[in-house]
Amino acid sequence: MVQLGLVGLGRMGFNMRERLRAAGHEVVGYDRNAEVSDCGSLGELVSALAAPRIVWVMVPAGEPTKQTVAELGDLLSEGDLVIDGGNSRFTDDKHNAAVLAEKGIGYLDVGVSGGVWGKANGYGLMVGGDKALVERAMPIFDALRPEGPREEGFAHAGSVGAGHYAKMVHNGIEYGLMQAYAEGFELLEAAKVVEDVPAVIKAWQRGTVVRSWLLELLVHALEEDPELDDLEGYVEDSGEGRWTLEEAINHAVPAPVISAALFARFASRQKDSSAMRAVAALRNQFGGHSVKKAGE
Amino acid sequence: MVQLGLVGLGRMGFNMRERLRAAGHEVVGYDRNAEVSDCGSLGELVSALAAPRIVWVMVPAGEPTKQTVAELGDLLSEGDLVIDGGNSRFTDDKHNAAVLAEKGIGYLDVGVSGGVWGKANGYGLMVGGDKALVERAMPIFDALRPEGPREEGFAHAGSVGAGHYAKMVHNGIEYGLMQAYAEGFELLEAAKVVEDVPAVIKAWQRGTVVRSWLLELLVHALEEDPELDDLEGYVEDSGEGRWTLEEAINHAVPAPVISAALFARFASRQKDSSAMRAVAALRNQFGGHSVKKAGE
Amino acid sequence: MVQLGLVGLGRMGFNMRERLRAAGHEVVGYDRNAEVSDCGSLGELVSALAAPRIVWVMVPAGEPTKQTVAELGDLLSEGDLVIDGGNSRFTDDKHNAAVLAEKGIGYLDVGVSGGVWGKANGYGLMVGGDKALVERAMPIFDALRPEGPREEGFAHAGSVGAGHYAKMVHNGIEYGLMQAYAEGFELLEAAKVVEDVPAVIKAWQRGTVVRSWLLELLVHALEEDPELDDLEGYVEDSGEGRWTLEEAINHAVPAPVISAALFARFASRQKDSSAMRAVAALRNQFGGHSVKKAGE
Amino acid sequence: MVQLGLVGLGRMGFNMRERLRAAGHEVVGYDRNAEVSDCGSLGELVSALAAPRIVWVMVPAGEPTKQTVAELGDLLSEGDLVIDGGNSRFTDDKHNAAVLAEKGIGYLDVGVSGGVWGKANGYGLMVGGDKALVERAMPIFDALRPEGPREEGFAHAGSVGAGHYAKMVHNGIEYGLMQAYAEGFELLEAAKVVEDVPAVIKAWQRGTVVRSWLLELLVHALEEDPELDDLEGYVEDSGEGRWTLEEAINHAVPAPVISAALFARFASRQKDSSAMRAVAALRNQFGGHSVKKAGE
């Protein structure tokens, strides 16, 4: 059993603490929210751990993660290890690793998939960093990942950054998968040829080519709300879809499906579209086609 | 100078009658709307013309055109000529031509482009049918087409159906062109790096690679309404974009731009999207991501 | 146990006969290929069955299916039942049902998913037609579908045509899912940040959001050929993707992901693209940008 | 008449020198290629100009431009003005302006459109920077821009960077426009309904909605090579399409047409596609569908 500091006890971090403790590991958690925190500060967290320490960071990507890593750099000692399990952009990892390397502190980046279901099912893990550090943290990875063969829920993807890169692409794919199901759902709803749409989607769970965990989640959602009309078609995006597309651009990789999925989310959040106002205006200009006046 | 019957005096037909008369041709127009019609019925129109007659049909595509052609088939005589200048699907042309051929009546299909500006500028014409019939109708085509070399505003595209096919593809391209400008406009509006967006678009009219007639129309629209906020981003589609995409499918031709332009119109008319409700539901299911409740 | 005629013993039909027999049903199979056929003709097949008969048709979609249904209409008797389990377009079903209804013969259409794995795993089934006929054929459906709750591998989707409609949309979604994984794979390959791409994809099988049966198949494929370089990126399409897109057009449903997946297949089969020759020519015209000469 | 240094005498810079001289301005050009250069070094160029100087930089975007600007910063004096007319990313402009501002040297960024035709037709110009500097350089802009009203070929788009931003979006639109024509061309070629495709495209030049300068260039290209089969469908991209898409991502602007056009170029340069190999492998895995072996 290992001892572990865990910074960030939000939806993901909180559940991971539970899963790690259930596996017998000792977890000292810190969060700004005192109600869930095991200690009063990052300093207290570090003091509570015996060297060489392992601290897992699970805070929002970008500045919060960079800042936490920097603070840990000040508090930790040579030979300690920081693991960033958040949704950081892979380009942040080299920076974070370098900041810590100056002080002899190791760094691993881990892409963590599985959402709220990870506590019960285990989390899919993709890790970047030195092999020796990966081995050192393996008891933690083994506790977090799903049961079954390790290589089906865990990969050492490469050097620093590779874990988040793998997770980024994973999420890009996820955008595409979700949009594919969503387009099919909309067509079934619109065509009204299939009389019981939720029953058909439910029946895709076994035997079919499209069966997947996402499909099971869609079945759950339709069981609660058969036409999904309790909610709005308003969808956020959280960084990784955008980064995947940026990387596709960098490497000249055509990504029509992933980009279409991302653009559909952008469009879902627009009350009205400047672009489509321009098209409406053009049609009116050349053809005298009627337009909808704003507020009509 | 020739004599011509013209059935359908809506936005397009009315203007075409003006342009034909201005060119010295004798036009007998018929429309169900007595205010604009020159005669009381199709029968009267046919009676008013000396054989061999030419009757130009300019009514809505689909059933209205088919029915008008069928009625003309009953009223006209061997050696007469019917020209369908509407936005018919090219597959209707073979049917219409066959109906008339049984009675020895000729048929030409003409794709007509130019919208409300055609009256002043002339119309771009794409014609399908027999060469001899095309020659016979040439004085009409010459009056309708823009000034300048005939081959820059008129083409005999091929046999029956080829005129409407060419027009269909023309309109598919048009969808893509409009959407390209529209996306650029939206990005300029959103980024706020360019301070005077209408001024930049206005400046694209001379010298640039993107100069076009559609761009000039966009400039007109922006002069009237610099942020296009008098209207809604709600855009109809009128058949030809859909047919172009169906033909691309038939011929296994990738058409990502034309389809994207068509889908953007579909989406512009949706109050809410079933597809995006499904994506929102999925995100909520796996990640506990918050969703917008309907009506929020 | 029921008795069943099965017409068409290709890859799918052959396996289905095995699975049905393993479940204890009596299957009389007919195929033009005498090596696999149980009888010499459709007539012999019909004679071998006791009335009221059930005949399952599993031949290529379109004309072959229509013709088989027509022949069965001549051979079968009032009260018999024909089931089309092929990949027919849903619009063919009404025609086939009507042909048979004239003679008092029932008709069901069944979308069958699962490919070569169905023999072992069971097939996902989506059925269209009258409830009473569906009940009558239920022992067959129960033998073909996967183990587990019936409603997770079987749905009565609606009236005639609804089974094939559901299967069509299923396949449209499948195109999108496959393309999403494919784009992610290509990006991982191109970026070279992840060192062991197959290991990462293998690790997505448990715990992650993108886990699915298709993902497992991709893992199998990569185990056999880690860079997939034994094969060419040449992909056929088999009708249902095109029909899904046509239906999306008919119902004004935006389908950017499914269309992108279809277009990627079209493009994969082109040695060279007319469209891209046009773009190259345009760049050369306005910018003097160099072009690749054909054959270079 | 003004005096102007011009650095970079490639395809664009060379022609611009001609046009400026034809308008009566004094141009001292410098290029590493001594055959076209008017002087032997940047230093000689600066020495040849009377203060306050104007130096127009027309070298490749990125490092070459940054380096040239830095060198000019060392050579020029307070009150001088540098104009970057290359295809720089708008984010480079703030850097370049800051480098020069330290020495009291002014900076303007200019997006220049028109390609090899600009020498004869004039160039479309979009300028970013301080109003006073824009006024100072106006005689140059007036010489370079097309004849006609200034505001139809010139815009002061905003502060530093806005000129290149406008040009970037211009080029993004251009990608979409070209792809729209290209898809239409490919469909016409594939369908073979229209017998004389070049004649139809030629006829779109007058009266139609799709008439544009790019269309005229397509007509030229088809006059030289009616099926465009002297060249390959291999298309480079030059930065601005990618940046436009990156900016669309940054601002959450859906850009399906511009991205599709960019991806089509990426795909045009691939001998084989990893993504489509993955799709082929998947089809083979689930359905036993045959695949093309590499090298077949």
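Per-chain residue numbering starts at 1, and chain names A, B, C and D are given in the order in which the chains are listed.
We adopt the following convention: contacts are C-beta pairs under 8 Å (C-beta built on N, C-alpha and C of every residue); 3 or more make two chains touch, one makes a residue touch a chain.
Please read these numbers as outputs of a predicted model, since none were measured by experiment.
Chemist: Which of the two pairs, C-D or B-D, is linked by more C-beta contacts?
Modeler: B-D
Chemist: By CA centroid distance, what chain is farthest from chain B?
Modeler: A
Chemist: Compute the distance, rounded to whole Å, between the mean C-alpha positions of chain C and chain D.
Modeler: From the centre of chain C to the centre of chain D is 47 Å.
Chemist: Where the centres are mean C-alpha positions, what is the separation of chain A from chain D, in Å?
Modeler: 38
Chemist: Can you work out the whole-Å distance between the CA centroids of chain B and chain D?
Modeler: It comes to 33 Å between the two C-alpha centres.
Chemist: Can you tell me which residues of chain D touch two or more of the remaining chains?
Modeler: Each of 114-115, 179, 181, 183, 186, 190, 209, 214, 252-256, 260, 263-264, 267, 273, 275, 286 in chain D touches at least two other chains.
Chemist: Taking the complex as given, what residues does chain C use to touch chain A?
Modeler: Where chain C meets chain A, its residues are 90, 113-115, 118, 121-126, 145-148, 151-159, 161-162, 165-166, 169-177, 179-181, 183-184, 186-188, 190-191, 193-196, 199-200, 202-215, 244, 247-248, 250-258, 260-261, 263-264.
Chemist: Within their complex, state which residues of chain A touch chain D.
Modeler: Spelled out, the residues of chain A in touch with chain D are 209, 237, 242, 245-246, 249, 252-256, 259-260, 262-264, 266-267, 269, 273, 275, 286.
Chemist: Along chain C, where are the residues that touch chain D in the complex?
Modeler: Touch residues, chain C against chain D: 11, 114-117, 178-179, 181-183, 185-186, 189-190, 214, 217-218, 220-221, 225, 228-236, 256, 264-265, 267-268, 272-289, 291-294, 296.
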